[in-house]
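Please read through the structure below; I'll follow up with questions.
Chain lettering (A, B, C and D) follows the sequence in which the chains are written, and residue indices restart at 1 in each chain.
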Amino acid sequence: MSKVKTVQEAMEFIQDGMTVMLPGFLGVGTPKALIDAICERRVGDLTVIYNDGAFPGVGIGKLVRCGLVRKMISTHTGTNPELVKAVADGKIEMELLPQGTLVERIRAAGAGLGGILTPTGVGTSVEEGKTVMELDGNTYLLELPLRADIALLYAFKGDTAGNLVYRRTARNFNPIMATAADLVIAEVENLVDIGEVEPEHVVTPGIFVDIVVKGV
Amino acid sequence: MTLPSSPKDLIAWRVAKELNYGEIVNLGIGTPTLVSNYISPEMNITFQSENGFVGMGALAKPGEEIPDLTNAGGQWVTLVPGAAFFDTAMSFIIIRGGHIDVTVLGALEVDERGYLANYWIPGRGGPGIGGGMDLVVGTKRVIVAMEHIRRDGEPKIVPRCSLPITAKRMVDLIVTDMAVIRPTTEGLVLREVAPGVTVDEVLAKTSACLIVPDDVGEMVA
Amino acid sequence: MSKVKTVQEAMEFIQDGMTVMLPGFLGVGTPKALIDAICERRVGDLTVIYNDGAFPGVGIGKLVRCGLVRKMISTHTGTNPELVKAVADGKIEMELLPQGTLVERIRAAGAGLGGILTPTGVGTSVEEGKTVMELDGNTYLLELPLRADIALLYAFKGDTAGNLVYRRTARNFNPIMATAADLVIAEVENLVDIGEVEPEHVVTPGIFVDIVVKGV
Amino acid sequence: MTLPSSPKDLIAWRVAKELNYGEIVNLGIGTPTLVSNYISPEMNITFQSENGFVGMGALAKPGEEIPDLTNAGGQWVTLVPGAAFFDTAMSFIIIRGGHIDVTVLGALEVDERGYLANYWIPGRGGPGIGGGMDLVVGTKRVIVAMEHIRRDGEPKIVPRCSLPITAKRMVDLIVTDMAVIRPTTEGLVLREVAPGVTVDEVLAKTSACLIVPDDVGEMVA
């Protein structure tokens, strides 16, 4: 069974107010056609989980510029002055996390774990409101799972069953976010028939992917 | 079609009827493995194997074994198109993270709470836990596929497990060579009997209390 | 710099009483030459972390038969009656874990995490002696990191810098165990020059590997 | 050789001397990135980039950019033989798990405890944490590479950070354009001064208490 749909069809699953996971690192590894479609349809009030602020008008920066983001869960905003300003003006709520904590929280959700203990953030502003645990003389923060309603992935190649491979540093958050959303839509640059991705090279097995769209 | 005559095949056949189009399924060692014999390719079922892949196909024919391609029972198997390999960490993200629709596994005992025991016989060592606890905890639907009674004739469906339980989770269905039983919060409900088996015979071979509704059916093709 | 050594040279790092991680699933994905060398040198009193009992005389089963194992941390022994008997006779101490817990404990050690919360094992014999935590109405066990002195990997192909790729189901515990031992020795079936493993296909980056030996 | 004359290059050059053969190194954005200019290939240093690879080479020449191959600062880079890509989870297994030997990163402030602050200026928003907290917590040796004073002339090496700290970890070394300072449990120890800089000048530009031993050296090639 093919999971391929048009971007238009895929858009019907994205609604106002949803929590959306977007992979990427300064815009690399972020789906383009899907973000464009969200901007066109003006799906708003979104909570977006994304590593950084990318750049003004690029990747997540496009959603910010379109005014569709209500809250961001992120690790870094400094590269996008528009986002920094929106946060300072109180237009976007920001939850700032260490990058390793962000990825482990997402992974915990995808892996069915109740949380993880990390030494990162102990004794810093990240500690606020979190459970601190001492184990064997070391101090850790209990970090809880982070799920989304929907994850929008970007893959260099994918087959019709959703088996995905990524290219170079565009892999980043894609494989982990694929595990932790109720619905997973993958935008693939190169769409191939099932079986045309070598089983040994698949990074995200198709069982995680609900919908495949061809990138533009 | 005529139903399979061997007890194990009957169980596997009946379990197969529970699977829906496109589902991701993990089959335990033994009788559960036979379930794949009763699944048509049109069902588009994907089999996951906890030793590290999805897209498991039939057993490999003798002489056609593919190096380093075995199932969780150590048997040589084949792949279907769309298969993917991964490591154990990813395998248990899939298993514990709720990404498997149905787990079919054997049991030593199932009790009135719907709990199963399948990993340890005190004083006899092995076999061990393996992936069983994670599968029972993490899978959306858990089906127990087992013969109705032990080899010594004693019941396996009991008021309360005497062996250590695998998880505090009510399984979704019990399929045996005598009956189909659905655990509920009210207790174990008898849903179907095997062809030629009466409700009284099931009750006689079951030490757990069974709720017997008016509409108990018979396994039919 | 090449990390390649002979099996004999690698053996000098393995000593009596060590905790050894051995990947494999019923013998698939377990290094052969290294285990043979341990048996020949009779390095004993080992604590071995291995998924299962494999089969009598195969993989970890060889170490068991040679009487070199003092303790096993494992998930399943039933396929190896010699191991079952040794445990029953009190000759080998056994710590039995769920497979998903075993791999996450190893990963936590490799990832610098203080532990993970898993729902697996709650209300079972696995719970004994562990911290039980309630979060949002769900119950979890706190599982602690599991490290080893040494990990002995098996890879289908590896370059002289220790970049590794695995074959089919022989991958299993290899990539995770590579992260969680003080010393990592990889036995590779096919040894190639640095750069001959496609960067996109590397599963275990060479930075995790200290020594590479050619399998036999 | 003559020492680099620009402050940033001097810092990068001096940090490079701290790296040992075969080490795994993460270089932060800005001045730390320049460190790779002073590392010879014979040193066999492997550079990790937290956006997902090891084996980072030089910046890509204009017109020779490789698609989807950027460093953690978003610059186009190249690979060296033996490179490997991975996802963010693996990247932070490497970072937090102690698999990196040396992290070189900038700071807004460092204090007498050896704590650094580098992620947030209250009231000014960004830049944010990124991988910094994990790197400081997880790396074996942390080297702060920064200019000795702020653009407004105020000291960056202070009694106690006024900005939020990045981690409760004493960094291993502070390298500036004026000095090399080693945090210890007794306090900050001045180890070297830059060519043409006196100890008194360093003390004047440092609000933290510095321990000045008899054998303060000068940065030399």
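Here is the rule we go by: contacts are C-beta pairs under 8 Å (C-beta built on N, C-alpha and C of every residue); 3 or more make two chains touch, one makes a residue touch a chain.
If you're wondering where the values come from, they're calculated on a predicted model, not measured in any experiment.
Counting steps between touching chains, the shortest path from chain B to chain D takes 2. Of all chains in the assembly, those touching chain C and also chain D are A.
When the interfaces A-D and A-B are ranked by how many C-beta pairs touch across them, A-D comes first.
When chain centres are set by their Cα atoms, the one at the greatest distance from chain C is D.
Separating the CA-averaged centres of chain B and chain C is a span of 29 Å.
Annotation: 32 Å between the Cα-based centres of chain A and chain C. Chain A and chain B have Cα centroids lying 35 Å from one another. Residue positions of chain D touching 2 or more other chains, listed in rising order: 53, 85-86, 92, 96, 137-138.
Listed for chain A are residues 104, 107, 111-113, 118-119, 167-168, 200, each touching two or more other chains. The touch graph of these protein chains has some other shape, matching none of line, ring, star or complete.
Every pair of chains meeting the contact definition is listed here: A-B, A-C, A-D, B-C, C-D. Chain C contributes residues 104, 108, 111-119, 133, 135, 138, 140, 142, 144, 165, 167-168, 199-201 to its touches with chain A in the complex. Taken in their complex, chain A has these residues touching chain B: 1, 107, 109-113, 159, 161, 163, 179, 194-195, 197, 199-200, 202, 205-208.
For chain D in complex with chain C, the residues that touch the partner chain are 21-22, 24, 44, 46, 48, 53-55, 79, 81-86, 90, 92-94, 96-99, 137-138. Of all residues in chain C, only 25-29, 51-53, 55, 74-79, 84-85, 87-88, 96-101, 103-104, 107, 118-126, 156, 166-176, 203 touch chain B in the complex they form.
For chain D in complex with chain A, the touching residues are 49-53, 66-70, 72-74, 85-89, 91-92, 95-96, 120, 124-134, 137-138, 164-168.
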